[in-house]
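In what comes next, chain A is part of two complexes: it sits with chain B in the first one and with chain C in the second one.
Moving on, here comes the complex of A and B:
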């Protein structure tokens, strides 16, 4: 085992771990708000559930990058990393989704809470309420894209 | 792709037909009544129908409550309306018959509610008795009545002292300041929670002294003193509880005896709701002593029929009206059978105003394509298609909005299947994993993508995604151009639409042969020299038009005009960010495929034995269910976003008001009504 391999694994672990933390915090906040709404108006269950789930995608993006990384560095396929620099490259390539996943998860969670409150007051405005958290997610998607492109292109 | 033309009618008819006409209009359900204009007229009055309306609303509510009780005590299939609830069709005669018997149903509903009231009373009594019994538990060992005060010469003190005490302690407390040996007999009945329940027997003449002593130690008598030993009292309570339980059973049986009346109750609930609506409307109708007036919008092609009907049958005077300046016509959309399903998507953003373009048709096509690209798994697509199809075939009378949604997802499912095969995903790589794990297959990939696998060349797919995005955005711009041309605004068309086409297309054509593009796409494309020149000319021409014409409403203030133009030109950055936004087509598409492969990999970890097969099946079902759920949600949200934010941004600004006709708002049944031919 080389130092490079350890760094690459660190990158893979960080992308699932940090993005997962972001998502779980976001979905957690959303769930609290959603439970409050359902206690008053059980008919809104499906709508607020969707809004609660919106910040959950960061964790999946993190998992995605982890999986692609692992299948490139000899854990689930590909060739093992032998030199430290390649390992560092994998680590850095994983950082966008790790960091942006963490922070955008928080903010998307907050936006979801606000949207859930919106739906509680105006259930007919669901379409618009859904958009606000989706806006935050754009940046997680961009980070995911950069991480994927970087990881898949490391030779 | 169209907004239905609307016609405003004003109706004037004799008072004696008032209720009948309102009922006919309600049953037809194609006219949106709005009397706000007439209300300001001081010569017209409205009738106060609040009391009738409230009465009917209450009746409807009592049937709803009765149904809720039946649901609680005699549950049956179909009690829960559920997501895919469909209204039943019933003939008019069935309703008429039920209405004739309405007295019977009202009595029944009241009976159920009374039974329910009785049940809650009984439950209250049981609760109270249980509490009393609980308070008596510490005294159960006492074999004299709780209110026993003594014999002729002795007194008995029954009560509680704080602290956990022995009989000696109690004796000491009771016999304080009394000569030894005092004639005091102390018993501890029980002690718990730092309370000691005691019985003290003493001479009657010393009772005051003993009680005084005990009080000094915190003695208190029990709160309830009923006749009989604790055991007897408990038995009494038990008997009462039994009786109440029996009563509850009887009342339940009384409620359950109505279990076959459900559909009648539902019918009556609908009937009274409809009546309440009608009376609400009647309360808004402006009238004089002899005539009343109505005003409302309806689809223009129905106007002639409706006015003919009202004139012939009721001798009403019907007139077509012009739209007032400050009035907004209600919007009703009419689209082809495919695009119609996406109307709900448009509606949740906002409906178009009259005179503007209805984007449903173009949107529906891109909606289905983009959804498919994001979910992009043939297996998931097939599951979705079949699920939607089954529900649609089984439930033919779903509520309209829901049915449209399901149909839209049916098409999205087909598109998902298509893109799945293009990308080579069928439950991820399930076929290959199963073949390798269980059948020892070692050859090439079995299910080859028809196009290419995104994971193998993400850059190539990214370029295609951006291309699809560009096409989508150009369609959006085209819609704006269409509106401009329809309004005969040629200047607007050239300066706001054509200029951007030239500018963006020119820029793209300049980018394609560059080394930047080559490194992204992996292919170097070389254009002939004339095309390169043309690209430059287009970009420059577009930019110049934008620069000069964007601020054209400023007339000859050229400095401001150019500044505004420059600012608009800066808007090219928004095109860039809009385009990059389409990279989500790639990201979400890959997410589905990769997570699906993770699921398959986890499933195949236990090898090929019988355990392996079982684990594979379990993991496969759970994992793919989760993945299809979360990715379908993602695809839905982000497809909407691409339409709402990127596409609509180019031309659409909603602002329409939904056509909301006056109709029967029934919950359970559709009544086959007289309809216009």
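Moving on, here comes the complex of A and C:
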């Protein structure tokens, strides 16, 4: 395997791994808070479940970028990467979703926990509570777009 | 444990906060005609253990037990509650010293706390086994006992015990590395110092007494507080107004019970920001303190109703609620 191929696979792996770590931490925090609410008020299950799941999207975005990358570099399709320069381009193209996915997963998790606590006190404010963590999502989506555009345009 | 290890506990506590009594509930209870009306109101809100007939003491004891069960379930560090129980521990010490010197006091004046209940504390003080006391308490206990045995002056004995208690609470608050506990103990220390100064000014105590009784803390410069209190009530009132305690001065002018209420409300204000936090032990500790305040307020109202006191009398004594 060439150095270029190794770098491209590293980029694909990082986008799933780092974004996945961000999501798992965020969803984990959300789950703890959600369980606390449901233990006292089971009627809030559906609302807190949605809030818990919001930080889970970064992991999916990371996985999406991984699939696109693998289908470009000769693993699931496309031509194998032969030179180091192209491999580095794939690695850097994967970094936006990898890094932003990790960090936004953490922060969206914290915001989800805060929103779950808001629902705990004011279940009628669920709509507003959902908007706060959704705002963090914007930056994960921007990173996803940049990564997809970059990966799909490498010649 | 880190702050994020309390996410479950805090979310649970925020749901439970909805069941706390509000200021409106307390006003409604204070306006009720009889003790039974208050008991019915509280049982409708889920207070008590479901046993019938309901009596005030049983109802309040059941609520205290529920709070403790919840704290144990949430696995809050027991060291936190040891800090919060220090005033009860020092109260038992004060009672035991007076009992040892003056004779028997009623058993019910003691708090029933682990390791140092009335009987144990009484035996330690009678036998002067100071080494059996916690390290922060030994010197205070010895000094207070010797003074009491020599002079029989209960007020000075109390002032030594109170000072020892404040210093122990401040130290324990700092050592806990819990910002809420440290802030709570600082606030409690300031309020207790002001309380001592007010009583001393009212009874014409000397500067020496005040210097001996007041404990240094960050919110009040006790040297100047002592000087003001030694010069009398008027001087103390103007000192309080000039140093950010205008509401305390206002309450003092109103009545002694209004001042007592200000003291408790000020401490509750310290914990109010915890309602907006979503992690750390802070909101859980604040809930525990809020429950204590709630039970104390319910006790005041039930006692007032049982003794036929007026609505105005009762309302003047009830505290601000956290809920």
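Heads up, the rule we're going with is that the second predicted complex is superposed on the first by the 155 of 155 C-alpha atoms of A that agree within 3 Å, B and C clash if a C-alpha of one lies under 4 Å from a C-alpha of the other, contacts with A are read in each partner's own complex, and residues count from 1 in each chain.
Here is the rule we use: contacts are C-beta pairs under 8 Å (C-beta built on N, C-alpha and C of every residue); 3 or more make two chains touch, one makes a residue touch a chain.
Small disclaimer: the values here were computed from a predicted structure and weren't measured.
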{"item": "Clash or fit, chain B versus chain C on superposed chain A", "value": "fit"}
{"item": "Partner chain in contact with A:64 - chain B first, chain C second, else both or neither", "value": "first"}
{"item": "Partner chain(s) touched by A:53 [first = chain B, second = chain C, both, neither]", "value": "first"}
{"item": "Chain C versus chain B, contacts on chain A by residue", "value": "B"}
{"item": "Chain B versus chain C as contact partner of A:41, first or second or both or neither", "value": "second"}
{"item": "Touched partner set for A:141, first chain B, second chain C, both or neither", "value": "first"}
{"item": "Nearest-approach distance, in Å, of chain C Cα atoms to those of chain B in the combined model", "value": "9"}
{"item": "Set of chain A residues, in rising order, touched by both chain B and chain C", "value": "none"}
{"item": "Residues on chain C engaged by chain A in the complex (per definition of touch)", "value": "4, 7-18, 278-279"}
{"item": "Of chain B, residues touching chain A in the complex", "value": "83, 345, 347-349, 455, 458-459, 462, 580-581, 583-584, 586-588, 590-591, 594-595, 597-598, 601, 630, 633-634, 637-638, 640-641, 644-645"}
{"item": "Residues on chain A engaged by chain B in the complex (per definition of touch)", "value": "46, 50, 53-54, 56-57, 60-61, 63-64, 67-68, 76, 125-128, 130-131, 134-135, 137-138, 141-142, 144-145, 148-149, 152"}
{"item": "Residues of chain A defined as touching chain C within the complex", "value": "29, 32-37, 39-41, 113-114, 116-117, 120-121"}
